[in-house]
Every structure is written in C-alpha cells, then in structure tokens.
Amino acid sequence: MKNINTQVNIAGLKLKNPVITASGSFGFGREYSEYMDLNKLGGISVKGLTLKPRQGNRPPRIAETPAGILNSVGLQNPGVEAFIKNEIPFLRQFDTAIIANIAGNTVEDYCQMAEILSDADIDAIELNLSCPNTKEGCMIFGISPNGVASITNQVKKYCKKPLIVKLTPNVTNIMAIAEAAEAGGADAVSLINTILGMAIDINTRRPILANNFGGLSGPAVKPVALRMVYEAATRVKIPVIGMGGISTADDAIEFMLAGASAVMVGTANFAYPAVCVEIADGIATYIQKHNYDNIYDIIGKLELNT
Amino acid sequence: MKNINTQVNIAGLKLKNPVITASGSFGFGREYSEYMDLNKLGGISVKGLTLKPRQGNRPPRIAETPAGILNSVGLQNPGVEAFIKNEIPFLRQFDTAIIANIAGNTVEDYCQMAEILSDADIDAIELNLSCPNTKEGCMIFGISPNGVASITNQVKKYCKKPLIVKLTPNVTNIMAIAEAAEAGGADAVSLINTILGMAIDINTRRPILANNFGGLSGPAVKPVALRMVYEAATRVKIPVIGMGGISTADDAIEFMLAGASAVMVGTANFAYPAVCVEIADGIATYIQKHNYDNIYDIIGKLELNT
Amino acid sequence: MPKVLREKIKRIENIAPGIFLMNIESGYIAENAKPGQFVNIKCCEGLNALLRRPISICRVDRSEGTFDIVFQVKGTGTEFLCRKQAGETVDLIGPLGNSFDIDDKYENIAVVGGGIGIFPLLFLLNEKKATKKTAFLGFRNKELIVLRKEFEQASDKLNISTDDGSEGYNGLITDLLEKDIVQAGYDMIYTCGPTPMIKKVCNIADSSSIKCQVSLEQRMGCGIGACLVCACKTKYGDDWEYSHVCKDGPVFSSSEVIFE
Amino acid sequence: MPKVLREKIKRIENIAPGIFLMNIESGYIAENAKPGQFVNIKCCEGLNALLRRPISICRVDRSEGTFDIVFQVKGTGTEFLCRKQAGETVDLIGPLGNSFDIDDKYENIAVVGGGIGIFPLLFLLNEKKATKKTAFLGFRNKELIVLRKEFEQASDKLNISTDDGSEGYNGLITDLLEKDIVQAGYDMIYTCGPTPMIKKVCNIADSSSIKCQVSLEQRMGCGIGACLVCACKTKYGDDWEYSHVCKDGPVFSSSEVIFE
C-alpha cells in the first residue's frame, strides 16, 4: 500500500486526516481514549463550552427515533476556564487538533470566550450558532443571515485562532447563511448541527424529552445534511466541514465529494466507540483503491447529472 | 369491543377515520385496491395533479437513505382533465373521501385547477405548495409567509371545496407559514411534504437521483414532522393534517396527540401495501384500550413537560 | 393477481461468489408466475432496507409448489437476504410485472443474458415451447458462471462468454450473437442484463429485423405501479412518455423502448 | 477497564413471560465485573435500535468464564435481543459504571429490588461476604417471579411480594421492609427498581439512619460518560449538579441523590 496522504489544511488548521469528532458526542476525549488511540484522529471538537459552568437540561435528555436520536443536553459543561485548566493539558498529550466549540446567550459571551480561548493552547474555535436546546441565544443568532454575519464579525475581532462557524439546518436557505458567515469573516463553516424535532410517549401522552424538544442527529439526517453541505460549498470559498449522520467511510466520502474539506462524526461514536478511526482508515483505502494522489482528489469532486 | 367511532370532521370534510393516503404514494388508488379494501380508508389524496399532463423527471427517481427515501418524481401525472374523466369514476365506487392534490407553476395554474375541480365530484382540494422536485413554482410559493398567504387567498376565490394547504418543511419558521395559510383562508393545513435532500454514489461520484436532489420522506423524518405539526397546531385554529414517516398506529397517535386531526401515510405503503388499514384499526384499538370515548380524546391532548 | 405472501424458505445455497439461490415454498407463485415476472422482497425487518427489493423469478416447480430466485449480494438488502436460512419465512409480493411474450408462433428463439440478467431467461426457456432455443450468456469470469447445467437442459445450444476469457468466448456475448445472427434465423430474441448489452442486442436484432423483447431494471418504490418512480422512456406515437418498469414492464418490446 | 467485545451466547432461555436469561461466554467480563456494573449491548445490526442498550450483569461464573444477563422485552432493542440464539455473538461494551460498595464492614445487609431491578442485586448477594443477607423482591404477579431459587441460595432470607397477591405478600415490597426494619438491624440497604420504590426505600433507610445505596436508570447515549445525556441530580455541597448514571453511577449513595 502506497503511503496515502490524507492531510488537509482548513484555513490554517492542519489536520492529519479529515475526521474530527463532533462537539457534544465526545466529551473532552477522556472517555473515548480508553477505546481508541486519540492520535489517530484528525481533530476533536470538544463539548460546547459556555463562559460559566452550566448544568444543562433535565433528563431524559435523549430519545431514540428511526435511525436517529433526539438530544436535549442543553450544553452541560464546566465552563471555559475549567476547560483550559483541566482538559487542554489532557488533550495536548495527543497529536490531534483541538477545536473549542463555544456557545453563548449574548454576543458579548461569544466575544469574551473567543478572547480567552485565543490565548489558550487550542487549534481553532468553533462558533456554535445552532444549539436548539437552550432557551436564549445560540440558535437565534444562527437562523438569519444578518444574525450570523454580525456575530461572526464581532467575534472575529477577538479571535486569534482559525474561526469555524457552525450552522444550523433549521433554516429556509442555508446558502444565504453560509454566505453570511463568510462575509462576517469566518475562516470555515461547519454544518449541520441538529434538526429540531420531537418524540412522544403515547402512553404518558407527554414528550419523551423533559425539555419537550430536542435536536435530531444520526443517519436519519444524512441526506438533508449532505444537500446542505453541497449547497453551502457551492456558495462559499472558505472550507466547509461536513457532518450529519456520518457512520462509515462511505458516508464521509459522500460529504467530501459534495464539497466538505473535512468531516465531523457525532452520533455514530455512541454505538461504535472506535468508528472515527475506521472512517479515517476507510477514506485512505478509498483513495488508494481509486488511485487518487491525495484527499484533494475527492473534495468537491461531485459531478452533477445533467 | 365497543363500537369505536373514529370519524373526524375536517372543515366540512367528513372522514370515516383519520387515515388518508398521502399524495404521490398511492397513485389514484387503483393499484392498491388489489391489496386492500379502499372503503376502509378515511380518504385518498391523489397523485399531485397539474393543469396539463406532465412526464416528470428522468430516472432514477428514488434513492433509499437510512430509514427514508429520496424521491424526485417531478409530478408525473395525466393532468386534471384526465383525472376527472378517468380516475374519479373509479374512486367514487368506494366510500372514501377523495382529495385532489394540485400543483402549478403559476398562481393562475392553481386558480384554474381549483375552479375546474370545484365542479368535479371530489371532497377537498389540497394545495401543494411544497413539491421540491420541480424547477419552477410550487415550493417557491411555500417558503415565505407572504407567498403562502397570497396564493391561498387567490385560490380560495375559485375554490368551492374545503381547501387544504400543504406546507413544506424546508423553512425556518413553520408557525409563521401555517398562520399565513390560515390568514389566506385555508380550511386546513397538511404537513409535512418532503425535506430536500441528496444521496451520492461514491463510485460514479454523481448524485444517485438523475435530478440530483430529491425529497426525503419515511421514518427518518418523523421527529421533525412531529415537531412541525405540533408547532403548527399550537398556532392555527383550522385543523391540521399531520404526516411524515408514519408507519404504525403508534406513530399516527403521536401526531394526533401533537394536534393533528387526521394523518396521511406515504412511504410506509411501499413496504406494506395494506398498512393504512392496520393503522386505522390500531388507532381504534388504542382508543378502546384507554377507554376514551372517541378520536377527539386524542387530538391535541399532548401535555408538555414543565 | 399479485399477493402479499409470507413464504417458507426451503433451501438457500451459495452457488458462486456472492450469488445465492433461494428455493421458496409457494404454491401461489408456482401456480401463477409467468416468465419475466418478479417478486418484491422485504429483505429484513424494520428500518434496514426499508424498501422491498425486486428479484426475478428464475424457475418454478409447479408439482412441488416451489420457486427459485437467484440473486447477487449488492448492498444492504441482498446482504440481509442471503443470511436467511432454510425454514425461515420471507415476506414477498408477487408475481409482479408483465411477462415475456412466449407465443407458440415464435419457433426459433434466442435468449441473451448478462450477469444477473440471466435468471428470468431460464424461466422463459423452461416455459417456452419452441422448436429451437439458443442461449447466449455473458459472465464476468469463470467463477461467476452459474446455472450452466440448467441452461444446457433448457436450451438446444448454450453459448458462454466471459469478459476475461477464463471460460468460453473471450469478450462480449453480443459478439457471439452478432456472428450467429444471419444464419441462425431467429424469429424472436429475448434479452436481459446490463444496459449496454441490452442496447447492443436491440441494435443487432433491429438490423436483422428480428423481433426483440427486453427486460429492464430501474430503482423501485412501490413495485406495483402507484408511485411512478421506476420510469423508463418509451415511444408514444411520434412522441415519448415515461412508462413504468414495475407495471408496464419489466418486459418491453425493443421497438417501444427509447434508450438515452 | 471496559472493552468492546464480541462474545458468544452460550444459552438463552425464556424464564418468564417476556423475560429472558442470556448466558454469555466472556472470560473478560467474568473476570472484571463488579456487582452493580452493566454491559451496553448493540441489540441488532444497522439502523434498528441504533443505540446500545444498558443491561445489568446478573451473575458471573468465573470458573467457566461466563456471565448472565436477564432482561425484559420492552421495545425494539430487547425484542431483537431476545431472538438471538445460542451460538450467535453479541456485541457489547463492558463492564461499565461503578459498583455497589460491598465492603466487609457491612455485616447485616438487605437488598430491595422491584421488577427488572432485581438482577444486579443477585450479583451483589453472590459477591457479598456478609454475616447476614436478607432479600426483598417485589413483582407484579406470580408469573413474573424469576430467579427465586438463585435468590434463596444467595441470601439468608427471601421475602417476596406481588402487586396482586398471587404469591407472597400482597402489596408493596417496601411494606415488608418497613415492618422489618426496626428489629432487623441492617447496616446497609441496597436497592434497585422503579423510582417510586427506590424513593420509598431511601426514606425508610433514612428514617432508621441506615446506609443505603441505590442503582439508578436513565436513558443513555454513549454509556461511557462522554455525551452527558444520562443526567441525574446529585448534591454538590449546598448546591446540586447533574451527575451521570453511566459513569458516576449507576450506583449512588441515597444521601447524594436528589429525587425530583
């Protein structure tokens, strides 16, 4: 087997391979380090951070739906300071990119976190404008082009790391939203976050989630995510990181053909803790099988039917 | 077993039970009549009609995705006149409601069809503002509140039958869209139509569908559909018809608890041709098991967690 | 009339790499199926392989009330199907679709099949009362040759080709047909297989003015003519229309199909 | 350390209506599991039951390198699991979670279990070296009583109640505990079962100032502490926080849990 180079460069963020664990599915990597070699990951997007510690929503926080899950964690996390103190040193033991995913209620929250994290030992910041599980903020910023452009623009002023803006799929026109992120100064966009959904227990006649609504992820959303990644990639020049239901290398390759320079994997980790390594290996195998030179022979190489 | 009354009345449209076959999944009922007794259906929403016959999109028109399918039929149909001449007489042999689903490229198309069909022997008209598989018209009207309100208002002038407006889920705010339909004079709304998606063949590096994009339906979309039906039902006074991934009586009951007065079933017919009868029976069984008096003891009876 | 059936698997056999023969007990299918028809199978419960998968009927045994399907493992559906075991049931709808025209007036026929397209042709050969029956079968390689004995028995002459020459003629099966066509005097050709092969067969038949029937494949939804996804272009007067493989087909006359 | 394992099913048995005992060959689990821990099972391939299902370890046999789980069929996951057969493999992660504190200093213990909550308590009784072990088990009815012999052997006294009085005490198992509590002199109570039962046990223990450990259930995602979905409220100084059943639990001291 010739040595397959699957390294990608996303706006200055160098990844040894295009597979990143999606925020919220992987904690801060500690637990999964028992099941896999974290050195084999392109990167880790950590659990969404807020300025202050948060406890999140009441349980149940998860419901299984056909080929998917709804979650309503509501950003339980130790806060940005504890992250820097307790988690970065652990993560830095491994040769993998650290992406800090941040969420806030106000523009100021986001700016302050970006400023703090710019001085921390991380590789990129992912702006979560799309969490559907909190009452204020977050997704509200993400559903209008103006909201996205203006918050990106503000945060950019404080951000000294590559800035990835994570988009919500709960919009009419993802192209306009992606363009807004680019216009606001994003170095890359990542999508999709979860799609707002609901599940009902017909015996209790109540929603299964204590929070009533939750965000849908997993294989079920893949076709929608893929379409949105394609649409976004045709509209912006900055790199696109694709996600939504990726469970296999084939899935990941679909996203990369559609224009994603890298992919994130969330829900699939739950069933198969080492799946990200398998996906990274599978991408290399595909490249080799098709005799491509490197990963850039896949990215955006979809041809439309005419 | 006490005699369970599952009759519902939707804006003057009387259904013997709340189960309607969804437009496009059931043709004009002919084929399925070999597998089931059409008299047992609440209603049949026929294949989307256009003013003139249409051939639809190139094949492949379907791709299977995790727990769902993408379709890009593109409204192949014989046109409204042929429907009246050839299909209504067949359908009228059965004691079930006939709902004419219509789609057009222009407001005039819709108005003209509504006018023609108002004099035909059908029970209701369903305005398809949400087909994602045609180049012009249709979904374009459905994605803005103004578009929905104004086309509903125009069509209403020509429509002498109960007017159901079918909404697209490809929007940021389904509540505003449902309100717009109500404001425009809709007698009921039905939702969801399919969610725009894509699937890629990684060996040919092309989209599987000849049309590149298609509409996602089936179990995968259920949590999103349920959330949207709930949201719409909380905002409008007119009845809501719920659909999206319904495959079992339990699924149907979830939608009714969330506020749907009736449900439509599409994709599930493909695997199990008699599934609609099973769903109707299952709803009756649930009502009996829980000792409810009738179907109205379920509709909208969801209690949110606080 | 097609029916939804839950039938018992009598035997399942891996007859070549990735190819399985399943013998299913079904008096109904054995009784009613005609060559060219297919069954639509729910390959597994629940959400994996949501849609049914169309598989041609390959052979029927009316006396014992069974029929055979032969299928290649391609993706999720066939993968689940091949793991079923004798004694288990299989949920299928059938017999579906139209059938080959095997009128007695055709007295010298040829069948031309490629890959998984050969299976309905065996059923046809077995049912067809013709004076003379010639079979042309193309395979990728020697290993993938299946049902050779059955085709030998069902035909008067069996021609085999492989893409790599590991058995029989080295090249396309249509080459053999082409060489043979002038002197053979066929009055009907039936074909099923990959689209390029089918097209070629239609051309050959056409240039010799021989009638030809083709069995087409298309991705399906309902399998019974209701959802209109399985479109194929056919002539409609001077114009064209989209017919549907599951109901108007899978068998079409070569003169009606428009290849794109 | 928990591992992803593919283990062989040695035996599966339907021990009561809707309840199955599965004996699984796994030297690793048998060796490493502690009472209170669970395994997280992929009940079927592919999209049906996407998430793993947590099931307690009920018994281990270190000499033969096997362990038992006992589960009730509730929905999709357990439905698929119960159809697996001896000889097939099961994909599981384990042993997961913390465990009951079975320190030798507790010399007179009681276990109180209801329904499917009884299974980890059998493992506990078998591992616990106590002078005196009393078991209280509540069931819905006679038919659903399982593992009676095993509990009899593992404990010094077995009390049984059924909701309908079809066997044993007619009523709540906590009634029996309550009657017994003053004179019995337990120094530790372990409990697992429906939330109302657990709460009651905690109250009883509390009012008699007896230590109590509870095993909680919550819907899970990852099962290993990474996704934070399996939250349960616990005390945190004067305040509270959300701990996680899969990693901080499933066993908690009754003094740390906050029931809502």
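Per-chain residue numbering starts at 1, and chain names A, B, C and D are given in the order in which the chains are listed.
Everything that follows uses one rule, which is that a contact is a pair of C-beta atoms (placed from the backbone, for glycine too) under 8 Å apart; a residue touches a chain by one contact, two chains touch by 3 or more.
Owing to the predicted nature of the structure, the values given are computational and were not obtained by experimental measurement.
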Open item on the list: Starting from the defined contact criterion, work out which chains touch subunit C and subunit D both, please.
Closed with: none
Open item on the list: With centres defined by CA atoms only, which chain is the most remote from subunit A?
Closed with: C
Task: subunit A and subunit D, separation of their C-alpha mean positions in angstrom - done: 36
Open item on the list: Centroid of subunit A to centroid of subunit B, CA atoms only: how many Å?
Closed with: 34
- [ ] Report the inter-chain centroid distance for subunit B and subunit D in whole angstrom, where each centroid is the mean of the CA atoms.
- [x] 46
Task: Residues of subunit B whose C-beta touches two or more other chains - done: 58, 63, 66-68, 218-219
- [ ] Note the residues in subunit C that touch 2 or more other chains, in rising order.
- [x] 47
Task: Chain contact topology (line, ring, star, complete or other) - done: ring
- [ ] Any two chains that touch count here, so list every such pair.
- [x] A-B, A-D, B-C, C-D
Task: In the complex with subunit B, residue positions of subunit A that touch it - done: 58, 63, 65-68, 70, 143-144, 170-172, 195-200, 202, 205-207, 209-214, 216, 218-224, 226-227, 230, 245, 250, 253-254, 257-258, 286, 301-305
Open item on the list: Help me check something: in the complex, which residues belonging to subunit A touch subunit D?
Closed with: 24-27, 30-32, 34-35, 47, 55-56, 58-64, 66-69, 71, 73, 76, 218-219, 267, 269-274
Open item on the list: Touching residues of subunit D toward subunit A in the complex: what are they?
Closed with: 1-2, 4, 42, 47, 49-52, 93, 218-232, 240-242, 247, 260
- [ ] Within their complex, state which residues of subunit C touch subunit D.
- [x] 45-48, 76
